[in-house]
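In the two assemblies presented below, chain A is common to both, partnered first by chain B and then by chain C.
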Partner chain A sequence: MMAAVMRRFTSLSASQLIVALAAAGLLLLAFAALTGDMLAPMDPARQSLRARLMPPGFEGPRGVHWLGTDSVGRDILSLIVAGARPAILVSGLSVGLAALFGVMLGMFAGYRGGRMGGFLLYVTNIQLAFPFFLLAVTIVGIMRPSVALVVFVIALGCWVPFARISYAETMQVVEQEYIEAVRVMRGTTVRILLRHVLPNILPNILVLATFALGTAIVMESGLSFVGLGVPTKAPTWGRMLAEGRDYISTAWWLTLYPGLAIFLLVLSINICGERLRDITDPKQAGR
Partner chain B sequence: MQVFLRQAILGILVILSALTLTFVLVRLSGDPTSIILPQDATETQRALLRQQLGLDRNVVAQYLAYLGNAATGDFGRSYFDSETVTSIVLRHLPNTLLLAGAALGLACLFALPLGVMAAVWRDGLVDRFVQVTAVIGASMPSFWVGLLLIQVFAVGFDLFPTYGTGSPAHLVLPAATLAIYAFPSLARLTRSSMLEVLPLSYVMTARAKGMPESRVIGRTVLRNGMVPVLTLLALEIGNLIGGAVLTETVFAWEGIGRLAITSIQRRDFPVVQGVVAYVAFGFVIVTFLAEVAIRFVNPRLRHR
Partner chain C sequence: MGVHSTIASHLKIRHGTHVALLALGVALASASFPLTHAAAETSVARIALSGGLDRLDPTMSANGTDLVIMSQIYETLLEIDPQTGQLTPKLAESYSAKSPTVWEIKLRRDVKFQDGTPMTAADVKFTLERILDRSLASAHYSQLTSIAEVRAIDDYTVEIETAAPDPVLMRRMQPIGGSGRVFIASKAHFEGLSPEEASNQPMGTGPYRLESWQKGASLTLVRNEDYWGAKPEIEKGVFTFIPENATRVNALLQGEVDVIQRLPIADVERVKQSQNAHVVASPNGLVHTLLVDSTKAPFDDIDVRKAFAHALDVEDMVDGLLGEYGRALGVPLGPNVLQYDESIESYAYDPELSESLLKGKAPIKLETFTSDGRYVNDRDFYQVINAQLGEVGFDISSQTLEWGRFINMMQNRSGGPFYIIGWDFGEGDASKINSFLESSSALSVTNDAEYDRLVALAGQEIDEAKRTEIWKQVQQYVHDQYYVAAVWQASSIYGFSKTLDWTANFGENLALSEFKLVRQ
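The block that comes next holds the complex of A and B.
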């Protein structure tokens, strides 16, 4: 019995350690995104023809390039730090937009029920019946990329689960007696939805938003990789990887590090999401 | 029967939405004569081309003509070479099917047994492995996985070609990339649908009457647990086609995903419209067939 308790304790602390690490990593990147280039060890835009495609650890006139330099001599580490801002900003905005619209539509349809609900589900079914990434490149490619369009398209790729979950949960909440009571007291629809339904479904929406953030970051990097991401001065992580592909046989650091940045960021987000889900819904733990 | 009717209507709506969306996008994107003709073309040349393309008619008439042509598989010709869109798409389609098929097979080969083992020995070593790889796999952009595979197996060990289409050796890395992309959701779903069947009373009955455990798992649990997995497989094919857009770009694999990207970059809109329409059509067919297959496997669903 003692052994079982011990095992429980050690395994718990190990997983807690991972969650803590993930959260710390996220905070660091969020900080990098807020402060922009200030955290970067060198000016990410500064090119240097003599320091082109130098391997990690190369000591140039500006200092040590810990992660090497790219094809025009920019410092990879600084570019990665500078790339945190567009990655986090674009995906955060998209998920916010998707959650806002998805939850609004879902709650309204769940409250009204009947045809409205059926119609909403039908629309989501139509969207799910098409490979989304192809849709995304088609829209952004034909209309030409801009920040607003990329945010809109990524939001389009994320809104379905928000709408479905808030629809299903609102249907359940509306059945409750206290909602009936508010209705008897002539509470308006908006009041019922915002004051009584929303707080009930909010924990699940938060969990969903966390996972959606990870998906959005991967989606944005994919769009950037094919040249259809947000137009920024400094290259985004996806665009850095596209350059890495051109130099794949000579400069491995161009493909390894920007991808690692995406991977670690999304992994941290997903680990926090798993933990958040276990907290809000203990029954689902370990699923 | 009603289910099939509903599925068919949904399918028609999906195709119609895809066609309408690309039509609207291309109309919104501006004057195609500026893409096709050189910059110094005269206004009369442009007007003539607009007339040839039917752009001088009103939008509704254009839309109806476009739908009518699409229904017969006619998406016009590429802006840049005289080949018809249908023949371009059909030329690239087999490569994508080959890639997606190989990837799906590879993913199933690992995900199904591992998912079953994870459920049977819950919290065991395999289970931990599936859980951890699922979280890690879901966090890696598929195109980066492809780049890493190239780095290690093509550049580092020189085992496979870096990119291109052609020999079976060209297929290995892209198929592995797509399989890694499909593995997490497949393994997780196999595991959770097995876990749902395991505690049911007919499993207990099978055990109680002395059926050996391997048969209980192999026949009773597996057959019932596979139904949701089959449903997912159909969706997974759509996912794979979406993922193939990036994978094919990484590996310069001559499939419709890469065709979509290169035509978008060249602003060759008829080809883009054709790719989107054919993918929508193919996907609708696959979903429909999956619906039939599920009813074949599980007779209880037949009359619903």
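The block that comes next holds the complex of A and C.
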């Protein structure tokens, strides 16, 4: 049994192996995000001033701290596992919201065309010209940070590509003869968009969403880094990075591991996104 | 793939990899330090301050970094002896109380300003009246409100008349402490200057004068060769501004600067082990008070305040986060304060008591604000405090604020249910605690008529022994009322190049004139 698995494993090409690893990593993190702290070896919020700033592998009264402890003695491995939930939840919700809003707007503008389309392009240009981080810091800085606010702000930072792509794709789709046929048969706009346009553009949107997820995670970490992230009891990855900054020359593990977590998650998402794109791209089919 | 394999390997070999990584880090770090450090033969001290400068007008600014610079250029009438806590002469030769409301000050006759003109009673009168000029909104105004009139009797005699007896007035004439500094300025020099010019052209009687100031970049002081007092060893001081902790420490270790302010505790060992720097510390740093807003729910209830205070293991917190560079105190005063009551101990750690006090009230939801980087390890303190409060039935969600905004909110009494403020008790008098406890103060967290009555009594008592007695009563009262949940003092820690030495006494007052060159 084991040998069979191994053989199957070794028969994979290097690129397939990477994709498999990335997917496995993503599944693991998704599982961690769903189960919350249950996967964490220790209570991530539990502090111990006697065991602060201990290096990786330190064996304390609570067990072995594989990745060391932070400045108030919390277990870094447990913090990283617990941090998966806010990272994935917030970025997932943001991308969902951005996709919903962007695709609706893009499809509608693409279907109507003309002035509506020009207006959409105009709005997206304004949004693209405005530095996202400045906007985010201003909005979250004025209001008290909450999950909803952070999700809203990140969605604001990534809806544009959804709108533009679905706009362009919809324009192409509506020129097809069968759409004309539906129109003649008096199909309503909503029906045409949902039943006939959306299924056509959905694969591309899914690929786009995967990449946007990576961007959203980086945005979320960035906001947390400057202290404007989601308020949680235990720190998020971005906040761990910020908190570790003071100790970078004396306790490097405070910054290295959360940094690695962000890096690996975004890398895995991008690898999977690329594979997804290859699968959905008819020109690449069969690879 | 490289990253994956690193992770895999160190999950297996948990010690080996890290020792290797650590060794690599140490090797890299030490390789970047120049091993030979140019000796400060020219006796120039390069100093990195932890923040930028605002304005160098002694009447207007109470900003910490401004005060560091101004203390080299300007001087005060009196000084304080760090050992005894007693006032000693400086620009004044002597002072005496002619009556309960009249102080007579005799000035030294040999003091010259840096422009060569002699310092006289007219300058002292001008300085005090400038601070008292309401239209200028001086940062030190509130410290001198008891003054009714300042009279120049002759060139070297000044009389200050107060509206009511003010026994601590002379303590405001020395330079240590965060509140009120009366730096003597030249009447002739200042009268012709706009506020902007006065700030850009500081000129006093001190051992150093301003040579150049590139705003935002650096400021250079040179020795005042005509100084009336002892000649300092250091000829020139070059000040730069490095707010980021890690950068400041690296600047010291790499020999870019000779002195740094606010050396983080985490980096103390690194500096100690370096070849070119050493640590200078004073236990009389800021006294940190965990203030509880007793004017609003839930802390208007003394039981909740009591539960709050006993939920915290202050000794353990201070020991863990500050180590040898901090101490827990029982009352919100520095131990150097004359009236300090050492018989009062900090509240005992007793979570069971706290839980029982909160029975029927828990969970108490609190939305709090915190600072990050304003005080020594303040973020860690807040995290530990929040966690320990969580154990007994408080439910806390906190938000970190930028300090300028935070202190503004505190002054509007909207800084949240509890927060940490650090106080410089260098002036050595208990009346400082009125800043956060007397109901008329902007930063006050109480509204307590009994407290106000007691401190008013103390404020009018001229007899030192009786005054101390009343202040001890006040300390006991504050302790019993649980207005300040925890108090700890953190050392002021500086990093010095091995070519320089200094004995730090109070707060964050760097005295360039006291620096000594170390010949190696």
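One rule holds in what follows: the second predicted complex is superposed on the first by the 269 of 287 C-alpha atoms of A that agree within 3 Å, B and C clash if a C-alpha of one lies under 4 Å from a C-alpha of the other, contacts with A are read in each partner's own complex, and residues count from 1 in each chain.
Simple rule for what comes next: contacts are C-beta pairs under 8 Å (C-beta built on N, C-alpha and C of every residue); 3 or more make two chains touch, one makes a residue touch a chain.
Quick caveat: nothing in here was measured; it's all calculated off a predicted structure.
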Partner chain(s) touched by A:P145 [first = chain B, second = chain C, both, neither]: second
Contacts of A:G259 with chain B and chain C, given as first, second, both or neither: first
Which of chain B and chain C A:I271 touches, first, second, both or neither: first
Which superposed partner A:L21 touches (first chain B, second chain C, both, neither): second
Contacts of A:T280 with chain B and chain C, given as first, second, both or neither: neither
Chain B versus chain C as contact partner of A:N200, first or second or both or neither: neither
Chain B versus chain C as contact partner of A:N125, first or second or both or neither: first
Partner chain in contact with A:I248 - chain B first, chain C second, else both or neither: both
Which partner reaches more residues of chain A (counting touched residues only), chain B or chain C: B
Shared chain A contacts, counted only where both chain B and chain C touch the same residue: 144, 227, 245, 248-249, 252, 263
Footprint of chain B on chain A - complex, ascending: 122, 125-126, 128-135, 137-139, 141-144, 214, 218, 221-222, 225-228, 238, 241, 244-245, 248-249, 252, 255-256, 259, 262-263, 266-267, 269-271, 274, 286-287
Touch list for chain B against partner chain A, complex: 10-11, 13-14, 17-18, 21-22, 25-26, 28-29, 123, 135-136, 138-144, 147-148, 150-151, 155, 162, 192, 235, 238-239, 241-243, 245-246, 249-250, 257, 260-261, 264-265, 267, 269, 272, 275-276, 279-280, 283-284, 287
Sites on chain C touched by chain A in the complex: 1, 3-4, 7, 10-11, 14-15, 18, 21-22, 25, 29, 245-246, 249-250, 264, 266-267, 269-270, 316-317, 319-321, 367, 372, 377, 379-380, 383-384, 387, 390, 397-400
Chain C contact footprint on chain A (complex, rising order): 18, 21, 45, 47, 49-50, 52-53, 55-57, 64, 66, 71-73, 144-145, 227, 231, 233, 243, 245-252, 260, 263-264
